[in-house]
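First chain written, first letter: the chains are A, B, C and D, and each begins at residue 1.
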Amino acid sequence: MFGYGWLVLIAPLLGFLSLSCLGKRIPRSIAGYLGCATVGFAFFISLILLVHLSVLEPEERVGGAQALYTWIDSGQFHLDFAILIDPLSVFMFLIVTGVGFLIHVYSLGYMEHDPEFKRFFAYLNLFIFSMCVLVSAADFFFLIVGWALVGLASYLLIGFWRDKPSAVLAARKAFVMNVIGDVGMLVAAFMIFETFGSLSYQKVFEMAPTMFLANDMNMILITLFLLVGAFAKSAQLPLHTWLPDAMEGPTPVSALIHAATMVTAGVYLVARCHTLFELAPFTMYVIATVGIITATFAGTIAMVQTDIKRVIAYSTMSQLGYMFLAVGLGMFSFGMFHLMTHAFFKALLFLGAGSVIHSLNEEQDIRKMGGLAKAMPVTYITFLIGSLALAGFPLTSGFFSKEAIIMGAYHSEMGNILFWGLAVFTAGMTAFYTFRLFFCVFQGDLRTPDAHPHESPVTMTGPLVILGFFALAAGVLGPWVDSFLSPVFGGHAEHYQDGFLETIAVFVGLGGIMTAGLLYMVRSDKIEPIKEALAPIQEILFHKYYVDEIYDFLIVKPVKAISVFLEDMGEKKGVDFAVDQVGEQVREVSKYVSLWQSGRIRDYAVNMVAGMALVLIFVAFL
Amino acid sequence: MLFFIVFIPLVASAALWAMDKDSVAPVRSIALGGTGLCLLFSVFLLFGFESENNGMQFVAGLTWVESLNINLKFGIDGISLWLVILTAFLGVIAVIYSTSQKNDQQREFLALLLALETGILGVFVSLDTISFYVFWELMLIPSYFIIGLWGEGNRIYATTKFVLFTLVGSLLMLVAILALTLEYHTATHEWSFDIDTLSHMHLDDGTQLWMFLCFFLAFAIKVPMFPLHSWLPHAYKSCPIPALILITGAMSKAGAYGMIRFCLPLFPSAIESLALLIGACAAGGMVYGAWIAVMQKDLKSLVAYSSISHLGFIVLGIFSYNSQGVEGSVLQMVNHGIIASALFIIVGIIESKMGTRQLDKLKGMGTPMPVLYGMFMLLALAALGLPGLNGFVGEFLILAGVWTSVTLSDMAAIYVLMGGAAIVFASIYMLYMFQGAMQEKNEDLPKDLEDINCAQFGVLLPACILVVFIGLYPKPFVDRIGPSVDSALHAEKTVNLPSAEDASSHH
Amino acid sequence: MGQEFILLVSATVFCIGAFGFMVRKNPLIMFMSVELMLNSVNFLLIGYSNILKSLDGQIFALMIMAVAAAEVVVGLALILTIFRTRHDLNVDHLDSLKG
Amino acid sequence: MLIDLGWFSFDLFQITYDGVLLAVGGTAILAALGVVLCSSPIYSALYLIGHMICLAILFLMYGAEFIAAVQLIVYAGAVMILFLFIIALLGGKKESQSFDFHKFMALSFIGTVLAELALSARVGPTRPVTGIFDEKLIADVGNAKAIGLELYSKHLIPFELASCLLLVAGVGIICLSKFTYKPPQRRSN
């Protein structure tokens, strides 16, 4: 039915292969356009798929798995390499290739002066390919393949500036965290295979409701292990520490991978496996709880960070928390909707930040910025749009998606006042830190006098404008998203209307913006004492609750220490020693045995006679 | 055909001894010709091989000792097919790589290398226990001299330990081989050393247990499996890289191959009773090796410890005793052979370029050497089991096999989680290695540092291609392995020992 | 006085010889002890050749004598050489094969 | 010559023969003891000569005239003279004797062996080896010629080998005495 679906995958793959293997033969000028073109082509195909799907009856939209070739056939383990074209995957295709395309274009300008321009585009293409594999996988195996490949691409791009030790470190951290997630997924896949005898989505999702009642132990375990992967990829507590560090990568990468697409894979996973998760309400509750806690946790940290990209990174974590809250509460299409709007406005914010950084010659500290509004009008306006959307300002896209989630946090089946309260509180914080950032960067006076900020080239501002448009207007797509995805989720998510709660949420958001304005626009001495009073809290928040340090102390150091210990005690003093001792002891014993060989003829004679006596005894008596 | 494959390297080796000591070019061309021809023939095997046939193919025999019915009988099935090709392939790589290095006694070195290749190939194709044993020992002798004469560091200690260790195991195996045939003789009053014939013999549980232990010890030492691995780090650290390609790539597989060829069909009940224990050792070895590798500074010993970890996977897969696990193990043997030997080549290249292989003295080689950077990355990723590359296929099948295994069922979940931990550790140490050597900025790099040359590229390229190909399309490999594994797992016991009534009627 | 006599005498002499070889330190006396043992065997052979009515025993005895003569000659030469190099006749001091 | 005393009859010739046999055998044993127990090699050598003469007599009594002669000529004559020469050359130092554990061991083992050998004296006559002991022939040609006939017909090859052995021994001693011997360096440990 969708026989051309594989074109989405093949285009970026070809781009990656040609850029990486034929590196020297492709001129630099073409390389960038080639990278963009492949993704653009993939986006085009995705659009065709969208149209194709839209003209079908809703019932026919699901289940279009397309086997490309038999990957393995071992015992009862049979696996095809198949791609699944259904509304959910096409929805993700659109976001990935669409935002991806814009960011590719943006990178043309951003990375213009980088000596390793081609390698960058090769990696970006690899990422798009991997992400497409992830979302189009028709079974858990290729889900894991895509899952790990995006982790790889993320690793490569975080560590793109390989001369920087901090980037190398951050890349490694991200990869290892992701591998932990992969292993969780792997275990889940084994459990699924053992339980259902198949890894294909279609079979598993068909069999699961008929085989298990809600909260069956099997289902809970499977979903929890899937969740390990999801949490690692989406930087949820406690596997979140890699995401802020991942900002070491080039800014377009942060926009594409660590805001718009890859980190949302966890949400996608939960949405994709909603059949399984719905059978495990316990896990759903875990998801919602972890989601809202992460949202609050990251929001508090974001309030005090000074690195422009880190603020946005923590905000990403926080927004991902919202998405998990949504899917955890069973509002899958809202989660996906927020995923989409978030992809727009967060990519926009990152790209805007990139534009700022670019013009200030790699300066990332917001305390040294300010007053850029005049120098960079396009960036200024688009960034404002992004900030408003993120803060959930009414009628922007973020408002619609976030509002739906906050309402659901109270009204949905598992929702309660605590979820709602934290969600609203976080919304307030979001508004606060977003505008703190905004005001610090664009308002006031320039705090580094020797900088000469300038507007970025059109390759960079163009994507900003387009994304700005979507960040502003994508809110109207909400109902469409819901109806488009409903065949996958088997129904519409209920949109709860509650004017009172809605008003509170809006006002909390506005309050956040106002507070930021008060604190950072109006410089008054009255604020100083408050700041001083809050200094200890700020200290904790600035150090991100010391999670990195705790992990370092609890996990990294012991792992290294045990490794050294094992080599020392296990190898040198253990296994080696034991084996060497066998030899040593033989030698030691032989030292005594060799005394028997005294070298004196008479002793030998005695031995001989003794032997003779023994033989004679043997002959005579036995 | 198989006779050619096995003995061509030996003939070439003999020819090398006959060569003039100083003639470099003819020595190289003979060595290269011998291994190349061997590879050519073994690739032909691929075309003649019937993938549906689960029996032995290309069987060829030669009577050796007639009165005891000992034959020099060769044949391959899906399991040994890939290992033979792998060995022939690695043989060519090793010879190419060693000719690109300076070596005073190249003639002797190459001759021993070729003899080693014959030994390994012979092990993989032997269908007769005695000839298996002979080739098994034949592997040992050249490697003893290679490590002892061309090694580095504490080479005498290393080689002595290696040889003594393996010898203990193989002598136990000889005892078991003879006992096995005696059992057969008691049952049927005929002599046979044929593996196929013997594996149809029914053995009682106690006999199975001790014979299994004898065989298993020999193989476990050769693999080597934790905690019998003590020789490996020393031997690998000392061994010159070209020989290491064969030793790590092919010879260590001989142990695992032996487990599949002997232990699985011959001693099913012993496996059932001991699988949990062996699984615990193997799983422990995975984590142990990986964990130690995390803090290794010497690249060679890092890869050595990572080998211990990966070989733990292989053994675990074998003793999951179901088709996925064993097929995964066979595939992983091939994978590990490719990856580990390629990694060792890279370590060798790094050492020759920088004069050191200590991780804390290496830095930032990626910038002047983009090709090596890319290849190193690909191989490191394959080694850490990145999905889409070959390492993952094997690990996935193995762990899937373990998870669904009947023999390991009590502990399966724990073993799989340990495997997961090993994968996580693998990502840590592989990245330490790759990033430590290739990334960051280094002002002290030699000015004339150049990227790898054509020969080195040519050596690494096939490995890279295979890494990707097996990762993307393992079906042709698994299809050929599958039927043979099934027949090894379900050996029919048709030859019965005399039961109690028969025994009493003899008196 | 049949074969018991022969056996007893020869056994006794043999044992005396062996004893002497074991306890004496002078190589000359040790050689003599060896001669004693050889002679005891000779006696046995001769005695039984008489009892069994066979000449083979005597032939054997002859051979033994030839061998003994050769052995004595070489042995004494060795003793002489050793003495020349070490100026010492105590065999206990000749222990360079000590393990 | 049978002497019949009614209650006790015996063959006088036989008893004399046995008596001589006993006496000579006892002397031989005593001489052997003397060889072993004398502290000075010169006495040992003399005792050994005595022992050999006793044996020669015994050989005679068992009807091996030729061997007896050879015993006297080769052993008591040549070999023992050689011994005496060497003793004269090296000086017949006494050796200090002490009773130590070694001797005790030797004694006990010898005791065991002797006891066992003595036990073997109780066995019955063994099965004769198939030899031709033609008493008529010996009576005709004499012991020496009979041995010669045997030796040069049936046992020719061993005989020649024995002569080879003697030749080798001769060459060997020349080598030993002609070329000086340099002791090798002792191992360091």
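The criterion applied here is as follows: a residue touches a chain if its C-beta (ideal position, glycine included) is under 8 Å from a C-beta of that chain, and two chains touch if they have at least 3 such contacts.
Keep in mind it's a predicted model, so treat the numbers as computed, not measured.
Engineer: Between A-D and C-D, which chain pair is linked by the larger number of C-beta contacts?
Structural biologist: So, comparing the two chain pairs, more contacts are at C-D.
Engineer: Between chain A and chain D, what's the gap in Å when you average each chain's C-alpha atoms?
Structural biologist: Here the centre of chain D sits 102 Å away from the centre of chain A.
Engineer: Using mean CA coordinates as chain centres, what's the chain C-chain D distance in Å?
Structural biologist: Centre separation, chain C to chain D: 8 Å.
Engineer: Please report how many Å separate the Cα centroid of chain B from that of chain C, as a whole number.
Structural biologist: 62
Engineer: Centroid from C-alpha atoms only, then distance chain A to chain C, rounded to Å. What do you get?
Structural biologist: 95
Engineer: Going through chain A residue by residue, note those that touch at least 2 other chains and give them in order.
Structural biologist: In chain A, the residues touching two or more other chains are 602, 605-606, 609.
Engineer: Listing for chain C: what residues touch at least two other chains?
Structural biologist: 18, 22-25, 96, in rising order.
Engineer: Send over the residues of chain B in touch with two or more other chains.
Structural biologist: none
Engineer: Mind listing each pair of touching chains for me?
Structural biologist: Inter-chain contacts occur between A-B, A-C, A-D, C-D.
Engineer: Residues of chain A touching chain B in their complex?
Structural biologist: 20, 23, 69-77, 141, 144-145, 147-149, 152, 159, 162-165, 168, 171-172, 175-176, 179-180, 182-184, 186-187, 189-191, 193-194, 559-560, 562-564, 566-567, 570-571, 574-576, 578-580, 583
Engineer: Looking at the complex, which residues from chain C come into contact with chain D?
Structural biologist: 1, 3-5, 7-9, 11-20, 22-26, 28-29, 31-33, 35-36, 39, 42-43, 46-59, 61-63, 65-74, 76-81, 83-86, 89-90, 96
Engineer: Once bound in the complex, which stretches of chain B touch chain A?
Structural biologist: 161, 164-165, 227, 229-231, 233, 288, 291-296, 322-324, 327-328, 364, 366-367, 370, 374, 381, 384, 386-388, 392-393, 396-397, 399-400, 403-404, 416-417, 420-421, 423-424, 427-428, 431-432, 435, 438-441, 473-475, 478-479, 482, 486
Engineer: Once bound in the complex, which stretches of chain D touch chain C?
Structural biologist: The touching residues are 17-18, 21-22, 25, 28-29, 32-33, 35-36, 38, 41, 44-45, 48, 51-52, 55, 58-59, 62-64, 66-67, 70-71, 74-75, 78-79, 82-83, 86-87, 89-90, 93, 95, 102-103, 106-107, 109-110, 113-114, 117-118, 120-122, 125-126, 128-133, 135, 143, 146-147, 150-151, 155, 158-159, 162-163, 165-166, 168-170, 172-173, 176-177, 180-181, 183, 186.
Engineer: Once bound in the complex, which stretches of chain D touch chain A?
Structural biologist: 102, 105-106, 109-110, 112-113, 116-117, 119-120
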